């Protein structure tokens, strides 16, 4: 951390900053520029808050030098983390495809979709049983009945299942059924939920918030990791920008950068990331080309009848075509599938 | 809701859309333009999702006409809602000032601050006992001990207290102590939490998410209102934009528009909205000038020692000066204080 | 400027950075942290680009310490700049109101509007003769005929006139008629235009781009100032964010911060900043409360017939009411009007 | 265009809207919903502005139905436009690689770079002679001397050249040397410049503004097209969002959507789109995977010595490796190279 003093800061101002740094157990390192004095805070100052110095007389700004995450960083863990979900290795050379409906809507819908995506080449089955919905008047999911249907679909197809958990007290229930706990974008900074997920040993699929920076996303992962759960995957699913032609702006840069900064597996979600089924396939390929370890795709038998997010779902035959294209792409990018 | 057909949509495509509209119990109303056919969906279609039509062959876009919120809307409730918190009337002609530290840090700190803000003219005391923190390594709040200190401060000063609740299962505990439940910006779309708050009869102070549109903010309020809790206040605390010179961008337009669209009381929070103590006072005055019913201000005796958010806290004497300025401003704007 | 080395940077990497710093005529100042080495670049390094160091082996990031603007900064010019426009003093204690139609549409429209705003209390008359329009099919302005009408309106009312200039080669023509050259938001980083305006001695009214940071806005002002034209005013007119309920998001924080960082007069433009006439008045008051030296308001006799931007225009009687409110507000804020 | 009336609009309000529609030469088409009346404006109403109706008594909102662009739209021009630049066909099956330094800095630098990129497989040579720079104190480009060096590099390598034009009066000079006129992101809505470029018959390479929506980008193209110049290419180079870890957020969705909405060739620019050389290669591949017709890449012999934008430049050997990867990728995506 570096404290930059104002142009007109006095010697007494500088002294006070130095004393505050030392009072916190760090060393101060003074550097006199031509227009500004800057003071380095030497030591592992991740726990110190910039505002502790920003409020002092004569201080202009405080700059963090260390990334605030540690367990999620490649600095201290250079090799890729590979998460094993019932034998599916995620984060290694093989690409992973997660597919299924946005919401579990009924037995027939789920089982037919599960078989369809299995046949097309999916590795995991997704499906929401508890749904975060903007409107209190919209379908909120089938709840535990949905979880049971997911378990049945796993039984029938052999596909591991991933489903969303929305509240800390629901973690044990979801963990009883699911192979992977999904934490949704709106909950990326739901800290009690992250803490609860960190106490389990179930792999966590953490979606980046539509307002979350890459750094904050890794800090959210750090919550889970620091609880002792080291099986965390991150998913870019679009951020919120001024552009309204697509539902969100899928941050393809974020995928490439997450792979550089972190050892955790990274996914792309072109369904939520675009909100438009016509461009899901090109964007899925773009995610993989940028270095993602896999993609998550919404598939629905009859998108127009979907109870949620039909506009961003592929029909099974389009999904199968996409998987075929990804299989051609994989070897060119040094991956398998 | 209006369904816009593509330039080259066929008669069969149009027919399918009409049948889908009617199958959902609405009337279809056809309008033939020179380049596009548009089809109105007549009836209270708030529960219908645009994607139900977006996926149909030949559809170009679907446009919502009705605002999706109802209980929060002035359309059906033209008069201002006035929330009574232990005799403090919020949302009427009198302006409300909420003040206190970001976090409760200890008995002396809280009681001294409580007395200081009371004396300066605050109406309610704020203070976080459970804190949402970006880093798992940062101070997470005093928990229930903090709630007890808040109750003691209320006892001593007579100020009603407001504090944050972060998880649905914590609602009963917080509601036992607090006069107002604060739902923080990161939890604006924590739907289980909104639902739990809607089941109480404790007033709710709902902060707009830094990525929440005004419409989504009112939909979050609708969750609480539709649970039967009609005492909801909304607080603009800054949205996330490309500008980094301030921590957030306080959306002053949002304050004026919320007052037009909704009957609920609206606050501004210049502490979080700016993240810079030097501009808290001008921005607090701007919030009031734009029509806010009150402001929430962070006050700390020694901001440089604050365990959270010191850089956006005012010292008590600066806070007192601000209240004096607001008192001069109020009558010019047709308010009292 | 500070160069932060990577965790695993070698001694040779550090050496190279030091040699590059010295080769550019600066002193290097080494600071060894526990996890990172940082190297200060000592000297007025405003002309050095961060990328010169970012590309070197072992460098993690480069942080600018000095604000890149100098002539626009209060550091070197603590007193407010007061711009004199035909006797109207802008940036001093007296608030300035600029008003008029978005576009000059004809003689009657302009003269009637000019008289109306003059009578209501406006200090300057605005009106576009050359209009930047998103669509090539929309009304592009009356051109020089419009300038002549503006001059006639000045003759009749005594109000100085401000109008937009869109291209460097048009500067002499506009400067022949206008008392103030307006540079629009879309041209804030039109560097040849800024350079051309800097060569005149006509006051410049520089609108912040909807994507311009506060720092970039002051750098744009710096272009004009460094050309020798010291009469620059800055106008916040809304930035582009994810919120679509208002046309733009008026950055009220930006107004307060510009007043702190710079000595130049600062305006708010609630017409463009909101795009909704119903909230122009509260937002105009908010601008003044936040410290703006004045406001720019679009006024149209018959907004529904306006050839551009009618939805953000006030009718003359509403404008007159707003001026009356601002006059009541001014003394409370220590201003005159 | 559709006019949505307020809940409480009167019959007289509705009548006024209808009369205004008819006065403009369109037909009004009334549709009575349960809570709102909506009125369609029938006819090619691209020239009508929404605000003409928004200001009328009782109007709630006005919704555009037609995309405002026509010449740029696939609706009326389903086949891809192929631009021929000295025999290089852009927008057909073959991918195009444009490469070169950000700025022309000198004869040796340019010629060596030109040979290096030619040998590595580039199709066109880029290089800035007139540079838009945020700071008036930064290197502004070599001007006409730079243009002459570019012409010399074309002579030597056979690569067509593309360079930026910043002002309308500079168009003839640039057109004398360049095979393609580049209009930079900051000038995307410099309407006099677009108009001037539309009057030439030189191909135009239009970069999307960092604040430009996809629709506005196509409207900017429409300016050039409607001037009679049909050879327009569009380049996505990153938009401005809250994320600061990368210089901009390359909008990969935008590339896929532009290819759907328009027949014009579309490029991606991962150098500006990321601002970080370490992720240029994965993002370049992502652009192609998403459907781009080519990429533009900054290449510099010694990035650390570059006078502009070194941090986003590849060294020639890294660029050559990228081209080899793109060549492997092309056939998998149904392209040649």
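Things worth noting here:
The first chain written gets the first letter, and so on, giving A, B, C and D; residue counts start at 1 in each chain.
Going forward, a contact is a pair of C-beta atoms (placed from the backbone, for glycine too) under 8 Å apart; a residue touches a chain by one contact, two chains touch by 3 or more.
These figures come from a predicted structure and were not determined experimentally.
Common partners of chain B and chain C, by the touch rule above, are A, D.
Relative to the C-alpha centre of chain B, the farthest chain centre belongs to D.
When the interfaces B-D and A-D are ranked by how many C-beta pairs touch across them, A-D comes first. Mean C-alpha positions place chain B and chain D at a centre distance of 38 Å. With centres set at the average Cα position, the gap from chain A to chain B is 26 Å. The distance from the centre of chain A to the centre of chain D, each centre being the mean of the chain's C-alpha atoms, comes to 31 Å.
In chain C, the residues that touch at least two other chains are 211, 240-242, 244. Residue ranges on chain D touching chain C, taken from their complex, read 20, 46-47, 49-56, 68, 132-138, 140, 166-170, 186-187, 189-195, 209-211, 216, 219, 222-223, 226-227, 240, 277, 303-313. The touching residues of chain A, counted against chain D in their complex, run 211, 213-215, 239, 241-246, 249-257, 259-260, 273-274, 276, 278-279, 282-283, 285-291, 325, 328-329, 332-333. Of all residues in chain D, only 2, 4, 7-8, 29, 31-36, 38, 40, 42-44, 63, 65-66, 75, 240-242, 244 touch chain B in the complex they form.
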